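Note that the chains take the letters A, B, C and D in the order they are written out, and that residue 1 is the start of every chain.
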Amino acid sequence: MSLQPIKFYQTGTFTVGNRLLAPDQRSVQANMKRTNSLNSGHRACQGCGEALGARYAIDAAMNATKRQLIAANATGCLEVFSTPYPETSWQIPWIHSLFGNTAAVATGMAAALKVKGKTDIRVVAQGGDGGTTDIGFGCLSGMFERNDDVLYICYDNGGYMNTGVQRSSATPPAARTATTMAVGAEPGNVFGQGKFVPAIAMAHEIPYVATATVADLRDLEYKVTKAMGLRGARYIHILVPCPLGWGTASQDTIRMARLAKETGVFPVFEAEHGEVTAVLKIRKRLPVEEYLRPQKRYAHLFGKQPRVDTIAHIQSLADKNIRKYKLLEEGIQ
Amino acid sequence: MMDKPFAITLNPGSSLANHTGSWRTTRPVYVDRLPPCNATCPAGENIQGWLVHAESGDYEKAWRSLVENNPLPAIMGRACYHPCEGACNRNRLDEAVGINSVERFLGDEAIKHGWKFDAPAKSTGKRVLVIGAGPAGLSAAYHLQRLGHQAVIYEAAEHAGGMMRYGIPKYRLPRDVIDAEVQRILDLGVEIHLNTKVANLADTMKEGFDAAFLGVGAHIAKRAYIPAGDADKVLDAVSVLRGMEGQATPLLGRRVVVYGGGNTAIDVARTAKRLGAEESIIVYRRTREKMPAHDFEVEDALKEGVSIKWLSTITEAGESDIMVEKMALDANGFPQPTGEYERIEADSLVLALGQDTDLSLLEHVEGLVTGNGIVQVDAGMMTGHPGVFAGGDMAGTERTVTVAVGHGKKAARAINAWLRGEKFAPPPKPELATFERLNTWYYSDAPKTVRPVLDIIRRQSTFEEVMGGLDEGNAQFEARRCLSCGNCFECDNCYGVCPDNAVIKLGPGNRFKFNYDYCKGCGMCAAECPCGAIAVVAEDI
Amino acid sequence: MLKQTEGSHAVAEAVALCRPEVICAYPISPQTHIVEGIGEMVKSGELKNCEFLNVESEFAAMSVAIGSSAAGARTYTATASQGLLFMVEAVYNASGLGLPIVMTVANRAIGAPINIWNDHSDSLSQRDCGWIQLFAETNQEALDLHIQAFKLAEELSLPVMVCMDGFILTHAYERVDMPTQQQVDAFLPPYSPRQVLDPAQPVSIGAMVGPEAFMEVRYLAHAKQMQALELIPKMAEEFKTVFGRAIGGLTHTYRGDDAETMVIAMGSVLGTIKDVVDEMRDAGHNIGVLGITSFRPFPLAAVADALRHCKRFVVLEKSLAVGIGGIVATNVRMAVTGMGLKGYTVIAGLGGRSITKKSLHALFDKAGRGELEPLTFLDLDWNVVDRQLERERLTRRSGPAAEAMLRDLGTVASKIA
Amino acid sequence: MFQVRIHGRGGQGVVTAAEMLSIAAFDEGRYAQAFPSFGSERTGAPVVAFCRIADKEIRLREPIMEPDALIIQDPTLLHQVDVFAGLKKDGYILINTNKSFEQLGLGDFVRDWPHDRLCTVSATDLSRKHVGRPMPNVPLLGGFAAVSGVIRLESVIMAINEKFSGKVAAGNIAGATEAYEIVRAAMEAARGEDKESAHA
């Protein structure tokens, strides 16, 4: 699996780095001369998980490709906060076209590089969950189906945060958004709706699909690095908590991502050609309540009459993930 | 650069022009908090400080850092009851870091490689009298010498070490270890006069000393009245243990009864076993919970076949037996006589009821105050008589080697100040690094290393050291279990988790600094710092 | 080299001669034959160094084109009708980013009701999208305009639409003079992008621009089109020297010098109009023709100049600005503001309705007599329209209009034209 | 300018026939314009294709409403579509059938038509015989060459070789040639009749 066994008992592979680790065991982010692909001065909110995830992913990709990297970016927070005229935070060649066409733009970029014989230059496409799972889904599926040589990275914060926190098809059940308000008999987002795009990506049987969170940096970097080592269509879905949309404290961003993984709410795994090949095990299993309670978007579950039924429902979904992806026991068949 | 279409196309990384630091309402700052181990160490060791070097395998550096505060690591690594491990935050994760074992490893390494102390500061020409070569005296002498004063030790016994030699059995503290660490102190230039008892302090001071430190210890056994038919069957723990150092080992017989509940009682009982006693019985008037002796010592004793009679007092010692009265705890948990008696066969009875200090040398020292057997001292260990300081068993109620070493250090610094005509002020203690301040997710699970232990049979017959040491491998493992509470150990988390790249990495050993031009004050660095070395403070706006 | 071939195939060959590097294909009539042709050339190896992508929609087609053009590849695609509308967001984006993509629009009507036949509603719906729009009168012009389009696009960093009448040209077999590779290479240099995604020179393209600069950005787009007004005639000249054909330019007049009546139109209908005009000239009418090749940028000056001697003009267009009338006509009127000319708008040939010489004769006679309505719908079947309007007046639930009118007409199959 | 209108059904190669006719004319150095009556052609649906042949550039884009010649690939259309609409007086009519004009019920319509402008040939049978499937379009072109003399058989053969190759080309050439011969023979016979009736 993704974590190389490191004979270092103090913090193992959990911290970003450590002065005592051998260089080959250090993370890209630990490097004094890391590329900071997403530079300081961007206008993301305090504690933005997407800003963090994007730098993690693109730095890793730049490292893996020796900086021979160009990117296409969907409309959304990432695009808006990173390139407000007259400044940009990006260090790599970067293009923003539209909300719904990023995968296709990347396909075009890859085609151009191929015809020009510059296949050493690699292409990444990135977008939020809205631009990926909703409006950009057609182009994404086309890119997958043609197996174009693109790594698509989705930064999933479970909603349209840029436009003021509306519901997307990646918004989790019961979560409050501006279009699924916490009112009525079944407050928040509806159960039984939405889609898990990594599974749909797997159905295209593309070479590589992976999920990750900003709480497991080394796992994330490992997956991006692995993806850049492959050709064809690749997809990485990264959970990036949004303090604004989730109603969490700015310093809790990584903690929330960690809780999502440790509760089983968000399964972290790898799949190759449609088959799950590895999962990142839960280290200290926790009930979903631990994850839900700190988020204001779930505040309605913890009012005067706590919605025990709803919480139980969410728990059952997490349990299903744990069963389905074998997040607890050792090794998978 | 290509000529770029206006506005639509921008130069890379140009957002540096946008100083987002202005958004900040709170700011992170790096701090060093006081780890609980350091906070509780009687010798005032900077434990986390020297573990850091052990983690990176630089054992000499670790040792040198250690002896800044304590010149006797090899002894400490054996004789210390390590309250640090009790306070260790790692207890809440799995088990405390084996600080004591690493300390011993470093001490033994130093002896093995013959490491010497750093040379003293240039001589001040002052001479300080140190009475007693026990842990307090040795510690005081060592620190005084390093501060540039000439320390002169007067020791009544024929060997240096005090209670470490005459109170702690070999199987816990081999004598060559004591010799080695004492010698290293002497090599620093400390003078020592053995077999030299100071009868009268005032007179001795006249030999040209600018100050004095008293560390004579507590060598007089407390007695309790027990009607005894045959007095020579009744011995005291102090003389028994001291006797172990002489030519003729004390004759205790086949059945030995020890009266008392302290660590000394345990030492005697275990010694008796090793001397060949078939039965070694401790009689104690209260319960195990109430027993002052450390539980792990009791455990060892029981393992070695020592038996203990709880809630029992000795009322009479006869020819070949003693009379024991059963006790019962009253409502307040105090033992009360029950009038129920039992007779136990015994060839000898050893009383281990505590010790007193011989304060005779202090007569006619004006201003010096004594009370319930100990010398009264101020915060700087100075007695009522200016220039006369005291420490160790004679100046405290908590009588351990480690406390004594701590007293020695404290006194030495106070003496140094006093000699310079200053008042000694201990440096302010930083805030405590509590468990709540840690983010323990980041520490990988690593259970404590088990030290090799001598097998029971040999423990019942020989005085070989019971507890083995660590080898380099597991010493480093153990050191690396340290959570580095409250002190940055350069895990790069703050550097990595900042969404605004507002943390500047300064390179190995130099830690990090914040770039407040871009820090938005989200506080993620503080939240994700494993060891709680970042504080978040409000900006005044 | 002369050959008798289908318009679509001629365009496919011409595009191939331009050495395109990325081509995105999504099928829609009547454009389909073009990309089929190129696709075959790529697969057979006849066209080298070219990536041919079968995409999942027109929206993707234009988006892929945006990506490949931004990454420095000469990029081409083709579409029509609903397809053009489906890619509109990306169409605007391509011009906004200044990407020199060339796209054929095989002009076709827009539904509902769905109609696959020819008119100009599709490309004219995109008149403000920032692309250059060139209209071809013949298949020869269609293929030559593609060669010019690549050069024009790349010099200005602007995308170009080459518009040709669906079926009427795309499916017509006629004589074309196919240039040689040498000629095309001599005319069209390799693509050197103004801005490109290159790790050696990183830039961010497509930044968000606020009120502080957006006006300027839009003005610059306009300025570029004004530059095109200069460049298009120059390019036609240059083209003539290499290929020996007078093709392209902003406008073409035919027998217009002494004309009292000028007929203005775009695309293939100009041929029929010219035949009619010849016959009317023979009958002694002073009538001439102005063909508009460049609809965007719109050549206000050239149009005004062409009309300066006439008394009246008739704009015959295959498009309808519902609620006002003509689209081309409105632009022409803008050009002749203050010239005191009588102007007539004629909407003709919508959805493939044949424009016949017979109807044109009648129309132009009427115009010459000054009896034409300001807005005329050529060959409109008033019976059908009136009956339907009546139906709708009488019953609320009058049913679908198109089907009802078809019933009134009887079976279409029996009609030849 | 000579204008030909071809009627048939989707799948009978109506459009191809028009295209080939234009190619044949082009090969003779003339201008030609071929185009279908557009629509979403489905197999079996009535289809019309057009071909103009001239000695100067053809600019006209309207459908052919007054043809100089009609080629009817499917006689069943006669009663479904107004195939003769606009046909010029004395225009050529070539029908794919093994029946006569009378048998097709066109006796009255062509009563005073010059016989050498009227012609039937069972092109479907010929294509079955030479190509192995019922594709009457190419043999009819051979027939058209014979009846109209607007294009030469050689040109038709050249066009066939441009559109097809191998066995299909050979078969079509054979079919077209046989049709040409049949029609030429019939035409000579017809002219004979006309002369006789002239004397009488």
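Going forward, contacts are C-beta pairs under 8 Å (C-beta built on N, C-alpha and C of every residue); 3 or more make two chains touch, one makes a residue touch a chain.
Keep in mind it's a predicted model, so treat the numbers as computed, not measured.
Ranked by how close its mean Cα position lies to the mean of all protein Cα atoms, the top chain is A.
More inter-chain C-beta contacts link the pair A-C than the other of A-C and B-C. Ranked by separation of Cα centres from chain D, the top chain is B. Annotation: 45 Å between the Cα-based centres of chain A and chain C.
Chain centres here are Cα means. That of chain A falls 67 Å from that of chain D. Inter-chain spacing, taken between the CA centroids of chain B and chain D, is 116 Å. Rounded to whole angstrom units, the spacing between the C-alpha centres of chain B and chain C is 93. Of all residues in chain A, those touching 2 or more other chains are 82-83, 85-86, 88, 90-92, listed in ascending order.
Chain contacts: chain B has residues 7, 10-12 touching two or more partner chains. The list of touching chain pairs reads A-B, A-C, B-C, C-D. Those residues of chain C whose C-beta lies close enough to touch chain B in the complex are 96-98, 157, 194-196, 201-207, 209, 213-214, 216-217, 220. By the touch criterion stated above, chain B contacts chain C in their complex at residues 1-12. Those residues of chain C lying in contact with chain D across their complex are 2-4, 6, 29-30, 116-118, 138, 166-168, 171-175, 268-272, 274-275, 352, 354-357, 413-414, 416-417. Across the complex, chain A meets chain B through its residues 8-20, 26-27, 29-30, 32, 36, 38-44, 46-49, 51-52, 55, 82-83, 85-92, 217, 243, 249-255, 258, 284. Chain B contributes residues 7, 10-20, 23, 55-56, 441-444, 446, 477, 480-484, 489-493, 495-497, 499-502, 505, 507-509, 515, 517-518, 520-524, 526-528, 530, 536 to its touches with chain A in the complex.
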